Amino acid sequence: MVSAASSLTDAFGDIEQAFEAANPGVDILLNMAGSSLLREQILGGAPVDVFASANPMVMQTVIDAGLADGSATFAGNRLQIGVPVGNPANVAGIEDFADETLLIGLCAEVVPCGALARDILLEAGIEPAIDTSEPDVRSLLTKLEAGELDAGIVYVTDVIASEEVIGIEIPDALDPVTEYLIAVVADAPNPTGAGDFVAFVLSPEGRQILTAHGFTAP
Amino acid sequence: MTRRRRNPLGVVILAAIGLTFFALPLVGLLTRAPWSDVPDLLTSDIVLDALRLSLISSLIATALSALFGIPLALMLARAEFPGRSVLRSLVLLPLVLPPVVAGTALLFTLGRRGVIGEPLNEATGLVLPFSIWGVVIAATLVAMPFLVITVESAVRNLDPKFEGAATTLGAGRWEVLRRVTLPMIGPSLAAGLLLTWARAFGEFGATITFAGNLQGRTQTLPLAVFVALEQDRDTAVAISLVMVVISLGVLVLLRDRWWRAR
Amino acid sequence: MTGLKADLGVSRGEFVVGVAFSIEPGQTVALLGPNGAGKTTTLEALTGLARLDSGRIELDGETLDEPNRDLFVPPEHRHIGVVFQDHVLFPHLSAVDNVAFGLRSRGSGKQAARKRAGEWLDRLGVGSLADRKPADISGGEAQRVALARALVSEPGLLLLDEPLSALDASTRVDLRRLLADHLSEFSGPSLLITHDPAEAFLLADQIHVIEDGAITQTGSADDIRLSPSTKYAADLAGLNLFEGSTSGGTVTIRGHQLRAADTSTTGPVLVTIHPRAISIHRSRPEGSPRNTWETTVLRIEHYGDRVRLQLGVPLAVTAEITPGSEQALELKEGTPVWISIKATEIDISSQ
C-alpha cells in the first residue's frame, strides 16, 4: 500500500500502471489523502509500505517516530492561484485574496498545501478573506472547477491536470515552492516491494512521468 | 408482575459481543483522553465556535425537518395520489446514499453555479455554500427522512375512528390534526425528532462537501474533529468526548419520557 | 324542532343501502339488523363521514345532505351526538377533557367547557373519574363518559351505535337502565343502531328491521313479535322476549302470570322463552304442569325442517315444532290448542 499526498493523485496513478506493467504479480494500492492525515494513519499503525509526503515536516515527524529510516526528495511542486476557467471574478493576483466579496478557498492549515499557502499570504502581507478550508487539495480543486469558488491556492500540477481551472502565477519572491519526499515505512508488510517502488519513483522513468504532470525535478 | 423471558444462550453470547462492539470505541476514547488538558481544550475558540455552530444548525435543521417532514409524512400516509410510492422512495433516498453524494448533489443544485443556485444568486445575491445556511440545508437533507419515516409509520398505525369521533364532535381538519392526530402519535413523533436531531448533529460528509469548512462559519463539531485529528490529536479526542456527552445526555434525558410504552 | 327525516341511498360497490325513516323530537327509534345489514353505512351517512349517493337528510329543517342539489354539510358542522360501540374516548385526554372536547371545538373557553363537562359527568354518575384517563376506567364507566360527551353540547340528534355490545352482561343491564332514563330525557330525536333485540325492544319506541341494505319491517316491539315479515324478524320474534316483573317465582307479563324456577329474583325482569320449550297439545295436558293455557294458532310458517307457530292471546308467544308434530296434531291456522311450558324453561334476568 502506497500512501501518497493527494496532489500526487494523477502522477502516481500513471506510476502505478507503469510499475505494475514492469512487475507483474505486484498489485499497488494507492491511498491518497492530505499528507497530515496519512501521517496520522501511519502513526496509528496502518499497514503502509511507502509514504510520499508533500511536506518535509510531515515526513520528519514520521522519521522521528521511528517509522521510517530516512527519505529521499523525489519531486518539487509550485503553488499557483487557481481560478475557474474564464476567470469569472477577474482575479488578478494574490492581492485579491483580501477581497471579502470573492469566494476564496484554501487547503486546511494542517495540509502542506494549506500551510504553504498561508505562509505565502503572510509573506505578502495579505489578510485573506477565506470562505472555506478544504481538507485536501483535491476537494478544493473540485470546488474551483465547479465555479463555486472564485479563487484558491493549489499546486501547478493540479492546474495542469484540470481542464476547468487555470493558473495565475505567484511571484517567486514569495517562495511558492515545496518538496516531495518518499520513504519506505518501517514494519512495512512488503519491504522488498516497497524498496522496488521507491527505486522506481526515483528512476529516470519515474522522473519522466512526474515531470510530464508538471512536477519539477528535485 | 412481569414474567421474565429467558433467552437462549446463543442469543445472550451474540448480544454480549454486540454490546462490546458498541462499548469498545467509547472505552478507547475515554482511555486516550488527556483528562488534565480537557477543560482548557474545551474552552478554546475552535471548540466553542464548533459547538455553537453544531447546536444552532442541528436545531434549525430539526425544526425545518418537522415543518416540512410532518406534512410530507401525513400526505404519504393518508393521501392517495399517483406516484406516491415513487415520492416515498425519493424522500428516503438520503437514508441510503453516502452523505458525500448528497453533498455533491447539493453543490451542483444549490451551489453558486448550480441549477437553482445560479438563478437564485443572480436574483438575490444569496450564496448558500460556505455559509451556515449551507450547513443547515445539508443537515436537513440527510436528517429529514428519519422524521418522515417515523411519523408516516405512526400515522398509518393510527386507528381512524378517533379522528372520526373528533370530527363528529365539531373539530375541523386542522383542529383534528392539532388536538387528536399529533398528540396521539406523540411518542413516535418525539422519537423521530430525536433521531432527526442526532443525525443532523453528527452530519459530516454532506456538510464538508456543500458548506465547506471554516471555523466560526461552517465548521461544526464533526468537521472540527476531522481537522483536529491531523494536527492536534488531543483536541480531536476532547471534541469527540463533547459530542459523546451531549448525545448521551440527550438520549438519557428523553428516554423515560418518550419511550415508555403506552 | 322537526326531528330527523332521512332518505338514504348509499352504494358501496355491489352493496347498496336504501332506507328511509323519520324520527320525531323526543322519540327513540331503533335500527335493528344483523351484521352487514347496512347499519354502519347508515350511521356514516347520518354523521356525514360518508356522503349520500342519492336521497336527502334533513334535521330540524336544515338539509344536511342532498346530492341532487349539491348540498352537503360536513360532519363537523352537523350537530349530532354519537355514542360509539367501544366508546372511542380519546386516550390521551382525561374523562373531563374528553367530554369538554366538543364544547371547545364549538367555541367554549377552557374553564367553562370543563365546568359543564364536570356537571354532565356527575349527572351520569362518574364525576369522581373526571381526571382519569380512559385506560384507567372500566368499560361501563367509559361508556357513561361517552354518553356525557355526546349529550353535553345538546345535539340535535343522538346516534347510538351498538352502545352496549362491548360490555359484559351485568354492566350491560346497568347501562341499559341509564340509557333508558337519558333517552327519555333527551328532547331531540334518537337513533339506536343495534343487532341486539333486547336493546331495541327495551329502549326504542319504534323499530325498523334492516336487512341487506333495506328496511324490511317497521313497528313496535309487539308488532314485530306478532307479525314478523321476514325470517330474521321471525327469529327475533321467536326469542319470545318480554318485559315483566317477578316475585318469589311468579312472573307477571301484562297481567298474565307464569311460574318460573328462579324464586330468588325480584323486581322488573326480561323474560325469554325458547320457542322449542313450548309444547303444543290438542287438549288440556295430563298431570298438572305449570304454565298451561289455551290459545289459538294465529299463523303457521315453514322454514325448511322447522315449523313456527304464532300463538295468540293471552300471551303471544312463538313456538317451534317439527313437521311431524304439525301433521300429527293436525294444526291449521285458527286451530285452538293448549300449550304448556316448564317452569325451568322460563328464563328471567333482572332489568
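Per-chain numbering from 1; labels A, B and C assigned in written order.
By definition in this document, a contact is a pair of C-beta atoms (placed from the backbone, for glycine too) under 8 Å apart; a residue touches a chain by one contact, two chains touch by 3 or more.
Treat the numbers as computed from the prediction; the structure is a model and nothing was measured.
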{"item": "Touch-based graph of the chains, sorted into line, ring, star, complete or other", "value": "line"}
{"item": "Chain nearest the overall C-alpha centroid of the shown protein atoms", "value": "B"}
{"item": "Interchain centroid distance [CA atoms averaged], subunit A/subunit C, Å", "value": "88"}
{"item": "Subunit A and subunit B: spacing of chain centres that average the CA atoms, whole Å", "value": "35"}
{"item": "Subunit B and subunit C, separation of their C-alpha mean positions in angstrom", "value": "55"}
{"item": "Contacts with two or more other chains, residues of subunit A listed in rising order", "value": "none"}
{"item": "Of subunit B, residues touching subunit A in the complex", "value": "107-108, 111-113, 127, 129-130, 208-209, 211-215, 217-219, 226-227, 229-231, 233"}
{"item": "Partner subunit C, residues of subunit B touching it in the complex", "value": "161-162, 164-172, 175, 179-180, 183-184, 186, 262"}
{"item": "Contact set on subunit A toward subunit B in their complex", "value": "34, 36-37, 39-40, 103, 105, 108-111, 130-135, 139, 143, 146-148"}
{"item": "Footprint of subunit B on subunit C - complex, ascending", "value": "47-49, 74-78, 80-82, 84, 88, 90-92, 101-102, 105-106, 135, 149, 153"}
